[in-house]
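A, B, C and D label the chains in the order they appear, each numbered from 1.
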Amino acid sequence: MIDRPSANGQAVAHYVSDAPFDPHAEERREYKGKSRLAEASQLRLTWWRFRRHKLGLYSAILLLSAYLLITIVEFVAPYNVHSRHVDFIYAPPQQVHLFHDGAFVGPFVYGRTMTLDMDTLQRHYADDPAQVQKLRFFCEGERYLFWGFIEGNRHLVCPAEGGQMFLMGTDRLGRDVLSRIIYGARVSLTIGLLGVMTSFVLGVVIGGLAGYWGGWFDLIVQRITEMLHSIPSIPLWLAMAAIMPADWSPLVVYLGITFILGLLDWTGLARAVRSKLLALREEDYVLAAQMMGAGTARIIGRHLIPGFMSHLIASATLTVPGMILGETTLSFLGLGLRPPITSWGVLLTEARSVNVIALYPWLLWPVVPVIVIILAFNFMGDGLRDAADPYK
Amino acid sequence: ASPSAVSEPESLKSLVEAGKLPPMAERLPKTPRVIALTGPETAPGRYGGTIRRLISGPREIRYMPIDSYSRLIGYDRSFNLVPDILAAFEVQDERVFTFHLREGHRWSDGNPLTPEDFRYVWEDMFHDKKLYKGGIPNLFRIRDKEPRFEVIDALTVRYSWEDPNPDFLAELASPVATRLMMPSAYLKQFHRKYQSKERLEQLAKENGVEDWVALHQKMSRTVRPENPELPTLDAWMPRTSPPAQQFVFERNPFYHRVDENGLQLPYIDRVVLNVGSGDLVPAKTGTGESDLQTTNLDFADYTFLKSAEKRYPIKVDLWKRTQGSRVALIPNLNCKDLIWRQALWDVRVRRALSIAVNRDEINKAVFFGLAQPSANAVLPESPLFREQYRQAWAGFDPDEANRLLDEAGLARESRYGMRHLSDGRPCNIIIETTGEAGFESDVLELISDHWRRIGIRVFVHVSHRELFRRRIVNGETVMAVWWGLDNGVPTADMSPRELAPTADDQLQWPLWGLHHLSGGGDGRPAELPEAQKLLDLYHEWRRAAALAEREGVWHEMLSLFTDQVFTIGLVNGTLQPIVHSKRLRNVPEKGLYGFDPTSYLGVYMPDTFWYEGEA
Amino acid sequence: MLRYILWRIAVMIPTLIMISMLIFTIIELPPGDYFESYVEEMRAIGEKADMQEIDELRARYGFDKPAPLRYFNWITGFAHGDFGYSFEYRLPVAAVVGDRVWLTILVSTVTIALTWLIAFPIGIYSATHQYSWGDYGLTLLGLIGIAVPNFILALVMMYFANIWFGISIGHLMDPEFLGKPMSWAKMQSILEHLWIPVIIIGTAGTAGMVRRVRANLLDELNKQYVMTARAKGLHPFKVLIKYPLRLSLNFFISDIGSILPSIISGAEITAVVLSLETTGPMLIRALQNQDMYLAGSFLMFLAVLTVVGVLVSDIALALLDPRIRLQGGRSK
Amino acid sequence: MVERSDLLSVDRLGVRFPLIGGSLEAVRSFSMRVKPGKVTALVGESGSGKSVIGRAIMGIETPIASTEGRILFHDPATDQEVDLLKLPRDGRQARHIRGNRIGMIFQEPMTSFSPVHTIGNQIEEVLKIHRVLDGAERRRQVEDMLGLVGFEKPDRVFDMYPFELSGGMRQRAMIALALICRPALLIADEPTTALDVTIQAQILKLLKELQDKLGMAILLITHDLGVVASLADEVVVIYRGEVMEAGPVEVIFRNPGHAYTRGLMAAVPHFDMAPGERLKPLREIRTDAKALLSACAAQPQPTSPVLLSVRNVTKTFLPKSASGFFSRASDRVLAVNDVSFDIKAGETLGLVGESGCGKTTLSKILMRGLSADSGSIIYHGGDGDIDVLAAGGRALKTLRSRLQMVFQDPVSSLSPRMTVRSIVSEPLQIHERAEGPERMDVVRRLIAAIGLPESALGRYPHSFSGGQRQRIGIARALALRPDLVICDEPVSALDVSVQAQILNLMKDLKSELGLTYLFISHNLAVVNYMADRVAVMYAGRIVEIAPCEVIMRRPVHPYTKKLLAAVPMADLDHPLDFALIGEPSAAAKKKWARHFHDEGDPANLAHADLGGGHLVLARRTVDARELLS
């Protein structure tokens, strides 16, 4: 019954609401989700918000599956990494068909015939419609050693008996690009994560302390970052290459490289963290935390870093491709991963020539998973960012 | 046709007219070297044009003097020695060498080429304690004795040894020959004997070097033609001083060769070398940016280049590489690891490793089946070729290999298990590679597969070239990937030194080679009797005066070398794409490509290449 | 402030000395020296090197002396402007670096300027229009730029630039201008070639910058002072520029230290792939050949730039945000 | 008939904020109006939606909030009526009105300025947007305005950064910003909370003048009924987003119709309260103080009668603008000047003083949030003395659990990215008090004790009202059951009812657990209610310190006297005499008796003991009797 208490310029009538006054209404103020809100810890709250960010959620699921997949690449890949097919060198990707002559057959590929053009020395492959090679699923195929010691031969999908299935074509030794990409994921995905983690832990901790403590510590850390910064990575790599013991197994080399990638990468981040914390540490809530008796770790970790989270997340997602592809730079210098270790970077490095671009473009396929993974990291980062953003 | 009737090259006309350059007749020696171009593939041509080439670094300008290949004496296409700069030469018992110069032959600055230029080198350079601290180059010492150098007359010089020096002519004809003559008129200004101290100091300062020695060295370098001032006898003379991204070479107006029509060679006015990344050379070549490209192209680029023929006026040919083996596995017989050394000294092991390799597969997978599976031996193009050498332990027989290894005591528990060395370590071979050639890693991948079947696991270690060799010499590696004999097309006149432990850069026995090289001062004597035998045979070849005798020694060495499998050759006769402008004539369609003895393009005489149609 | 700057400049000297030692060690670390690699290079094409000459050169440049002595000679040379001697080019270092520096600066500054010109508007747009199609689209594009290795991008772009526009592959100019003095036509040719390296070097940087600008801006957009500024009636764009953008620039300013040297060194690997006439390939070659004075002096030059850049960045930081106390410890 | 429109009429406004799994309806169907040239006061409990309404009128509420209804603004200058809610969010028209026609003073002046731009720059900007003036003229106008709001050296303030100003100074800068364009309507959201009463009076006087001179209307959002009584023409009482009562100020004060309004009136603390008399909040939250904090380990009770002794503490600041390339020592600000006093165990020491006189600085020094230039502070705890300024390690840790602080600025002292739950439980976590569910219990009880719903636990600080945030700060400070709580304006943002509730709680804790408070406040009635002794600060020095009654009844120092005269009463019969008290403090200082002036040398002054713990800062030469007379 609220009348507009403005009788236009007239003196206001005394209006009194007829609603009864309930002094305790506020405490009983109910709305949906109240109890959940009260119960939930901050972590859970963040998770709830993250769940609402669909793209982020899907990306997280995709990444999770990718990381699960790398534990069972032997099963997922139709061929082994190193299986060669000398008769199918540089074979372009095969298409999966469902219908043959208008009849449904199920997923199958056509067999291939190869002719070698003796003039240009180019191999030409043609589908042979007479050969319908049905794909098999959960089938027995090439033998492999699961994680290097358990023997097996089950595959998710394999070509027909005696047939071939090169869905992404083959490379110069007739190796299946698809299988190599799948195997490559194992190294690439872990190298990315490991490297990013190393660099982040170092960057955040060192940068955080320098920014928060300031003073002498900052001075020293800044001089160290200056030093690391002023030496481009290339001479470092060259020096590394020179002193890396020859009999290190490829795995150790790989781990070492990852770690070093991370070790070298932190300076930029540390500086960013430091600069931001230099500003943030002046905020009152930091003072409040200090007065509560919070230790350095807590103040940096719980009060300061969250204020810089968006940048960190963005940086992390941007560093992942750097790490995945970082080894490609190294291979330019003769360091880095090498066959028989297979990674996306190795695959791309092998595709490093005009020949590939002009004649065998399918060897560039490994770019696609890199892009997908990076997009996924990015969108997941977005989701995390928003979930942690109190204003959202 | 008489020279005067023949027109000047367009590019020199104005200079001649302005009187800055004498007319062609006066520039040429009285008897120029006439090159007959009336073969089935060749034709006399005309002047003009620029050849653009691509190099991957400023260092590669050193290909110019190699390709240009004007030597006192040089090989022709059938590897006979012919006088080139020399009008004629005489050899007595392989001991006394008499060289006759062409009358009126001039350096590119117009100064005459005279015995004084030989003397300058011999006396003022080789025998200057400052310039050559260690004395005259090794090549001249036979049994530690120097030859006698004489100037016989205004056109004749002579070098005479007490003992035969059969390598001498071959050395002079080699791609990077020791220079017996230098433009003394020019160089004297940098020599302490002919120049005042003050002036030398000033010159050194101007050129950013420390003293006159460095100055003289810098100004007299011929291997990399970096000094445009330095007179040359080559077809083109350098016009750019580094650092630069583009190196220009212009025709030498005093060059000593003419075609049968009396046109002074080279036909081509200018050669321009553009520096760029080696990786880009195939791509750029494929877009017609090079008129004559041989380096930095790989067999794998052929398909791409061939497909570019349709778009750009280029022509792609395939030449045959002259290496005894394009890729070879080189066991290090001097490796530090005692157990491995013992194993590798056992010829059964070497043979087993060799026959366990499926060369056919390598050929097929990596070389389109166009190469020739072979041991590290001479090519059929060589008169010394025998099928037996090629096939020595080059078949594929894993069973036999297994048997040999069993016999040699590299035990294996089961049919599929890994072998063990005598001290119980697993048979893991670390193969050292420079990783420079892309196909090496492919080949190694195939080999690791092949050798796994005989119970040997392969690890690949990549190191930079300097490190690579250092590690081998230090005995830190057991095996390396390299190529086989540099010269796969030798004649009996050419030195068989590559087959015996004669040099420290021989990866299978660097220490034994060093021992020989240093005259016993360094390294170790060849410890395997077979290797020692090779060395003895080599000495025998050097003493042999008659061709037939040399041939005999060569065969003996080849059969011993291949039978002992000192190096495990894989394939040879691989092909090298040679790309040239469609308009460029006289480039042979088929040829042999290699450093030794063809000097890359050298024996095919790029000075005779010419452009058809309008420039 | 003045005192702070003086103090920092004083600190630079020991820092640079440390860096020079580090550089020297790193260059020394690979076994062997220039002459060895030179011999190898000759061997590669079958030549034999004249070991005598090499030994002589070794002695001349003190390679038979212990490393500390050589370091000392090198670093004292620095003090009177002698940057050493390039073995490869047989020239003093300063002469070798020469005009490559200018081309490098050209490429780098154009790239960096373009990166910023593109990244900032896009970043701002992405932050203010979070989850719009524009945001998604630009993110996607940028990330693809990041995810494709530069060398592949370089090859692909060069290949198609050649096929479609007939631009010669690689280099910063058409071959006929190489080594020629600057002219109008040469300039034109350079501009024609410039876009490829700029795009290639720029893509990854731009995308990264966009994402960072966006992230940092998003954090600031909801602050109270933005509301105050809006309550003043300020145009939203100006609000953005003056307040949240300035506060979000912190990360960017902190990175100035690495911008300066990167202007000079250029993107080495890309430059190698593209055969650019910049300093990057020269540096790599010098490193690989162990042309140690060339490499060392160049690295030292970069180090000086870094150290200066870091100082500039610190000062800019204090100017950007007056709350920042560069000298003080944790409490006021 | 020509309709003489209201300047602003709000019609059935509703504002709703989304929250996880639901939403919060902050304002519902709310209607009111503001007449041109008149002052409408909006009063109501903390969290009732007052600020939200203010922001909604300005059109600057966060975009995630959904609004409905109409807000009609009739601009007298153009005689056009627009619905502010319908205007494009940041369109030209909306921008023209904002800052120019409608000015707003934000409730949280401390955080409303950009930290990286100078005060002058930010105020000047408004002129830049809406007026065509040259730079010098702008600066002149801004400095004038700064002078009007009570800055003594406007030219210096112009170049200062917000973080260099005290809370009250920032609030005044905010007022200057809102007024600089002489808007037709001023939305003043708690404009004087951080100001001491003398300056408050000065500001109110300024507002009044502008109102009279320019016909500026004011929507005055405040909980200080005294201010309402002095300034307002009409009053709207709001409770939980709804209008409870509205009408002319006379009616509301003399004849409140709604139970809620009556309750509010009753909760106002006043000077003639009997000692021990309790405030009457609308709802008494009976918390068992012991149970509330029982979970925290009982601590050894302080044995010494003096809990904290402060001796000769001095602190100077070097302003940023002066710390450029060439700094001059003369620019230094002496924020705390040779301050000495004791806090006895179990007492409440009130600290009052002019805005910017150094109270916050002093309290931060006590907490070791700032380092003192000189002086000493000794804490006489249950387990030995601790030198506060030098403590480290264990001693510091103990200190941190014994001394707690409620910050003057509730916004910036709460980590923006922590939920209330994390914020309140953090001190417990740090000092490892109570574990798991038990800790949650403590947190829940604390939240209930300060009158917030439990659902607040899962929300972030920014989503609370000013008063709510302030209470969160209090809860956090109490969580550890400290010995000494330094409260810097702990209830300035609270309406009288909630204030009563909180004050009662604090009193209970004090009597039951023996807590000690250092209570900084501008509200002398509150100080009167809480404090046992009161210290009065002026320009960095304590000018008078005495038991509460003595100060309130028999002040000696002229500044104290002036303070007491400036207290606004929630009583229409005692309006403030603006002419008398509204004069700037510099001017007032000139009128001080001679013996209170230092005449350029601070050493001339010393504390004269008037007996009974009554000390006054005066000339050394003067004796006590002279002062008392």
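The definition used in the following text is that contacts are C-beta pairs under 8 Å (C-beta built on N, C-alpha and C of every residue); 3 or more make two chains touch, one makes a residue touch a chain.
In UniProt terms the chains read A, C = Peptide/nickel transport system permease protein; D = Peptide/nickel transport system ATP-binding protein.
Just so you know, these numbers come straight off a predicted model, no measurement behind them.
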* Determine which of the two chain pairs, B-C or C-D, is joined by the larger number of C-beta pairs in contact. => B-C
* Structure fact -> Comparing each chain's Cα average against the average over all protein Cα atoms, the nearest is chain C
* To do: Quick one: report the Å distance separating chain B from chain C, using the average Cα coordinate of each chain.
  => 40
* Structure fact -> Expressed in whole Å, how far the mean CA point of chain C lies from that of chain D is 52
* Structure fact -> CA centroids of chain A and chain B: separation to the nearest Å works out as 50
* To do: For chain B and chain D, let me know how many angstrom lie between their CA-based centres, rounded off.
  => 91
* Asked: Can you list the chain A residues in contact with two or more other chains?
  -> 241-242, 282, 290, 307, 309, 352-354, 358, 391
* To do: Please list all residues of chain C that touch 2 or more other chains.
  => 30-31, 155, 159, 222, 272, 288, 321, 323, 331
* To do: Would you please write down the residue numbers of chain D that are in contact with two or more other chains?
  => 62, 163, 368-369, 462
* Asked: Once bound in the complex, which stretches of chain A touch chain D?
  -> 2, 4-6, 8-9, 11-17, 19-21, 23-29, 31-42, 45, 48-49, 282-285, 287-295, 298, 302-303, 306-307, 309, 388, 390-392
* Of all residues in chain D, those that touch chain A in their complex -> 3-6, 9, 11-12, 19-25, 29, 31-33, 35, 45, 47, 62, 64, 163, 234, 236, 239-240, 242-248, 251-252, 255, 257-260, 263, 282-283, 364, 367-369, 396-397, 399-401, 403-405, 407, 409, 412-419, 421-422, 426-427, 430-431, 444, 448, 451, 453-463, 476, 480
* Asked: Along chain C, where are the residues that touch chain B in the complex?
  -> 30-32, 36-37, 40-48, 50, 52-53, 55-56, 60, 85, 88-92, 95-96, 98, 155, 158-159, 162, 168-171, 175, 178-179, 272-275, 277, 281, 285, 288, 290
* Going by the contact rule at the top, pick out the chain A residues touching chain C in the complex. => 212-215, 219, 222-223, 225-227, 229-232, 234-236, 238-239, 241-243, 268, 271-272, 274-276, 278-279, 281-282, 290, 307-311, 313-315, 317-318, 321-322, 325, 328-329, 332-333, 345, 348, 351-354, 357-358, 364, 367, 370-371, 374-375, 378, 385, 389, 391
* Sites on chain C touched by chain D in the complex -> 1-2, 222, 224-225, 227-236, 242-243, 246-247, 320-323, 331-332
